[in-house]
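Next, two complexes with subunit A in common: one pairs it with subunit B, the other with subunit C.
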Partner chain A sequence: MGINSPLTQNLMPNKTFFWFFLPTGLAMILFIGLPIISTGIQSFYAQHDQVVKEVKKCDPFGCTVSIVVDNEETTKLREEKPLGKFNGFGTYVDRNHLAIDEIKKFWNETENFGAFVDQVTNLPFYKALIFTLTYCLFVTPNVLLLGFIIALSLNAVARKIRGPLIFGTILPMIVTPLVGSLVLFWMIDSQGIIGANIQNLMNDPYLSLKSSKTLTWITIIIYGIWHHSPFAFVVFYAALQTVPQEPVEAAIIDGASRFQRIKHIVLPHIYPVVTFVALISLMDNFRVFEPIIGFSAEGSAQSLSWLIYDNLVNEEVILFGSAAATSMMTIVGIAILLAPVLIRTWKEFKTAR
Partner chain B sequence: MDYGLDRKSTSLKTFNTIFIIVWLLIACFPFIWTFWGSFKVRADFFSRSDWWYAISAFNTLIETGGKFTTDAYTQAWTEGEFWKASKNTIIVTVFVVSISLFLGTLGAYALSRSTERYAFWILIAALIFRAMPHITLVSGYLFPFFQLQIWGILPTTIVVLVAINQPFTLWLLYSFFKTVPKELDESALIDGCSYFQAFRHIIMPVMWPGVITAGLFSLMLAYNDFTVTALLLNQENHTMVPKIQSYLGTNQHEGNLMWAVSAVVSATAPLFMLVMFFQRQVISGLTAGAVKG
Partner chain C sequence: MRKILVTLLFLLFGTSAFADCNIKSGSINILANDFPALRTFVETSKQCKGSADFKVTHSSEHNKIAVPALTANPSEFSARIAANSSIVPLMNQDLIRPLDDLVKKYGKGIQDSQLITIDGKVMAVAFMANTQHLYYREDVLKDLGIAVPKTYEEVVAASEKIRASGKMQYPYAAAYKAGWNLAEEFVNMFIGHGGEFFKSGSAQPNINNAKGVATLNMLKKLSELSNPDYLTHDSEAIKVEWESGNVALMTLWASRSGTLLDDEGDPNITKATKLSGPATVGGGNIPAATLWWDGFTLAKNRSDADAEATFRALAHAASNKKMVADAADQAVWLVEGFVPTPKSIGVIEAVKMGAKPYPMLPQMGLMHGALGSEIVEFLQGKESAEQALKDVEAAYISKAKEQGFL
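This part shows the complex of A and B:
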């Protein structure tokens, strides 16, 4: 996107560039770069264990030694070393993350592969990973498809009434995901207009979102499509305005059907935009977590971001180490998603020079 | 695509009209329904026995004596302290938008006028930063912020939101600055202006559409944010979105759920009006990166 050709002379000296860029650069280094490093460091530490001491208690029937938590010592230790104790990669491999030991155990103990997969997908991290990937996999293509269809369809109506129609179309996108999911949840909940009616229709008073994992997943995915399609629509709609007229007219004269015209002229023209929308949509879908709160779906759907959130709002002790380890693995996931795009840009950049 | 040659058959037109109507219903009805329901009592809006109650206002009539009630609004805004949350949202939004635009225009102008290799890499780095899930950044902030004792207050959140917002603002403004011809600042420089003077007096005046678009997106980010505000602000300083979440409760009290409904309407209405006014800018902003780039 917009790579400068080497022929144009450099207009801005380095020193001027530095001063212009300093404020924003500093903001990004301090509050995006450093936090990533901070997360990395935190992921190698774990919260302190509680300090215990033996207490000897004697009563007429004899003496018993019991182990109790030494609150004073624990607080002291936490104040001295707030980061916790060094844990190396311990947090990464524990039960709540990669669960290496558990997986080995399952591998040795389970009878067949199906049972093994069942066991593994019940571990918190893998459960969240699978939900996150499923969400991305179903939402992204459908967002592209629905966005494209809406764009084609709105592009065919009279220009005068397009304004209000576009406004109506982009509403799901401009509300925050928490509000968007709440608004839908209040309708499909067992006490909402849609949920209650479905219960009546199916004659099943226990049919509700919370009762079924599959239903919850489907609802969240439908929400995702509802929320993100308007973005795809807006970009595709703008791209459609730039489709050249002559080839389309020529194709009509040659007797090409509407479908053929879209496939051979419109789609190739807007192809770069499609990759752009797919990339942005994938990045946004990978961080899904607000709808899980909005739909109160914690029971049956957890995403990677939700796991981090859950660690950070933990009532007793904030699990910095655990949250940081999940965060680092999420960042690795993002890096894998972005890698093809970055490699392509790098190649384009090299050939442009 | 209104080609004179392209005659659409009647059936295709009908199908198209039906599709658009169905889609608009799906897109808008949830909001209309929530708006309508916010003027009812809970027993009507969340009724298991008969959804028609929400229309006929059966329980609202019994409980309040009228078909519509604004109880949920008055309670949420006073007892629920939603006024405080909206005050905080206004403070956060105003500061985030103005600081974002100030930093963003300077940085993006420099990026658009430099042909050095590093300008390209900065843009790529910004793209990577844009992809970072906000919650992973928050998990990096919490511990240092606790240690520095700057957790919970509005200024910290404002600075964090500005920084999180920079990558997108930079890309957006960069693509706008690219459309301003370089000859414009070149001639100003020849006339003896400094870079800053050229930026301030020659370039900025023609950049208003781009600045308004970037401002709108910063505003939507700050206004809509949940991840950062919910975790970096204390109860007292909560903005509207985390406040709405706090009304949901865990075991859903009657009053609280209707508070959440009225708060959702209160928070959404200004945003919708804003987008109605600036619809063209929102759309040009979303497409700037994709179509022009």
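This part shows the complex of A and C:
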């Protein structure tokens, strides 16, 4: 054995690790790191002041005098400073993002806290943030719970039928998110199978799942749970296969109930995997986007990712600065959300050493 | 064998003689919206492509592709079929070229009224006009003894009567999908009330006033008479509603009348579908509608040879008497030789009534975007009209500051 302790023998030497990691690392820098830096830089710039001039415009309906952008002047400005006008955190604090000035104003002007909250949640960024967080908070735990229950149940059924059952269970994940949400969208239409039945059930012909904000949110959250559970299930199911059988058998002999076995043996064993799934789910859910498009829910539910999309494609003028600022804040948001889990993992890692 | 060859030669020379445009080289790539009239237009221009390469992208997402695709150098597309609103971002970014020389050289059949000139330079060649106007079900209105509505107040009254009669639960429809469509309805109604979007001579918003409130209240009244899912309905969705017989009064694009009145669907509904001009609102005398033109523009970042080939092909269609005669039902063509049909009544009435064109201002796109998302909560009954208008102005101001307009 020599001087190497068994522990260090199992670890990869740093040099080997470096060469293994190099291709991945380079790809990450190129495709993730640099774009993030570029986005960050872009978020600090705004467009140059527009130079406009009055001109005569004629079309089939007549002539008018109105303004156009003076392209010669603008080209000169652009050539001098191709990035635009430096704006610092200007975009971050404007009304469409953190809205610092507006919030101060609301705080001074509103009489009670409720009115203040109403005003703040009416701002686009906070509106989107609240939906995004609500979605995360409802979807993530339910995905973990449902995934775990499905994994446990499937683990208990006869091996023969397990294959087809597993396939059926992961189907929601295989279906493209947009298609999945569109199918549900048509089902909840006021003339679709779910929508029409709910109207009958509630005896309210004006009830529409799509026009009510609350019901739209609930629909999207249910869709999110349906779509993400298979991922949790697959990982949990794999983890369940590694649970050692001896302690379980011992527990059975000791008279432990099924619930007690799961609580005291299975859960502690697969705990790291739960953390992993929770992390990935949180990250995924914080970027919720497809269902909003699929359900045409822009009116009732906006997420941070949707705001970025809106700035980039829904405007006839592309708002790069706005989109970049929201992107950066989304990254910060994910970091804040993940911080508790990451800190905990880091502590455990240190104590394990 | 010889016969086939002769036929082929005949076809080859036959078409080029007919098309009269013998294009020898260059490549043509067109970006256009997707509706029947534009397909006809592009197909017609293809007839005269000669030996040039010819590609076309028809997409309802054309607005999202246009600026990035034309910014590239060389540009992906050599031509973009644009409209009053979508030419603005191209102008703002200096992405399209003046057409004066090409018009002089190859634009014989194009009428002067088709030329879109900005600051004395021809920037686009229009070939059709469009607007949103009223469609009504003659049978339903007759049964209940309702006169064809001329104002939105009458539309509301008529719809309420139809609902009360139990014939239809949601008798009115318009494209109120949150975003661009909903904002377009606001623009129409606001112009109908005589509103101006900006304080004169500046980019400062001017919608938070009595006219804005009246506009929102009218939109809300109409939305209450529409299918409760109205915030998810675009032009295509309300067309389907109409064809299912759920709707008796509708505001829809003139360019959609072709597919609405085709042979597909229930013949009784198609037979009873009638068109009238756009409605006025609030006692105003100009219609609550905007006039639109569709025309072609040429990319700046593309070789002169490609631009020339593209112009010749498109000019062939934009001056084609045969096309406008064959497809007279599909659009109101601005091309010489067009004879209006019953389906063009919407646009012709709108022009007669003095409808205004959609404002072709550099900052209008930002206002349109802000309207599309900020008035939703008012329609849902979650905030007051004044608050919604205040939000629109605030959202617009932030965006306009970022873009350097304020």
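Everything below uses one rule, namely that the second predicted complex is superposed on the first by the 274 of 353 C-alpha atoms of A that agree within 3 Å, B and C clash if a C-alpha of one lies under 4 Å from a C-alpha of the other, contacts with A are read in each partner's own complex, and residues count from 1 in each chain.
Everything below uses one rule, namely that contacts are C-beta pairs under 8 Å (C-beta built on N, C-alpha and C of every residue); 3 or more make two chains touch, one makes a residue touch a chain.
Quick caveat, the model's predicted, so the values are computed rather than measured.
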Which of subunit B and subunit C A:A115 touches, first, second, both or neither: neither
Partner chain(s) touched by A:I318 [first = subunit B, second = subunit C, both, neither]: both
Partner chain in contact with A:L182 - subunit B first, subunit C second, else both or neither: first
Contacts of A:Y309 with subunit B and subunit C, given as first, second, both or neither: first
First, second, both or neither for A:L34, with subunit B first and subunit C second: first
Which superposed partner A:V277 touches (first subunit B, second subunit C, both, neither): first
Partner chain in contact with A:S190 - subunit B first, subunit C second, else both or neither: both
Subunit B or subunit C, by number of subunit A residues touched: B
Touching partner for A:V234 - first (subunit B), second (subunit C), both, neither: first
Partner chain(s) touched by A:F289 [first = subunit B, second = subunit C, both, neither]: first
Set of subunit A residues, in rising order, touched by both subunit B and subunit C: 189-190, 296, 313, 318
In the complex, subunit C residues that touch subunit A: 63-64, 67-68, 84-86, 88-89, 91-92, 94, 113-120, 126, 129, 169, 177-180, 227-232, 291, 293, 334, 351, 356-357, 359-362, 365-366, 368-369, 372-373, 376-377, 380, 382-383, 387, 391, 394-395, 397-399, 401-405
Contact footprint of subunit C on subunit A as seen in their complex: 46-50, 52-53, 55-62, 66-69, 71, 74-75, 85, 87, 91, 94-96, 102, 122, 124, 189-190, 205-208, 210-211, 213, 295-300, 302, 310, 313-319, 321-322
Residues of subunit A defined as touching subunit B within the complex: 1-4, 6, 8-12, 14, 16-17, 20-21, 23-25, 27-28, 30-39, 42, 82-83, 149-150, 153-157, 159, 163, 165-172, 174-179, 182-184, 186-187, 189-193, 196-197, 226, 230-231, 234-235, 237-240, 242-243, 245, 248-249, 252-253, 258, 272-273, 276-277, 283, 286-287, 289-290, 293, 296, 304-305, 308-309, 311-313, 318, 320, 323-324, 326-328, 330-331, 334, 337-338, 342, 345, 349
Residues of subunit B defined as touching subunit A within the complex: 1-3, 5-6, 8, 12-13, 16-17, 19-20, 23-24, 26-28, 30-31, 33-34, 37, 45-48, 50-51, 54, 102-104, 106-107, 109-111, 113-116, 119-120, 122, 124-144, 146-147, 159-160, 162-164, 166-167, 170, 174-175, 178, 182, 185-186, 195, 199, 220, 223-227, 231, 241, 244-245, 248, 260-261, 264, 267-268, 271-272, 275-276, 279, 282-284, 286-287, 289-291, 293
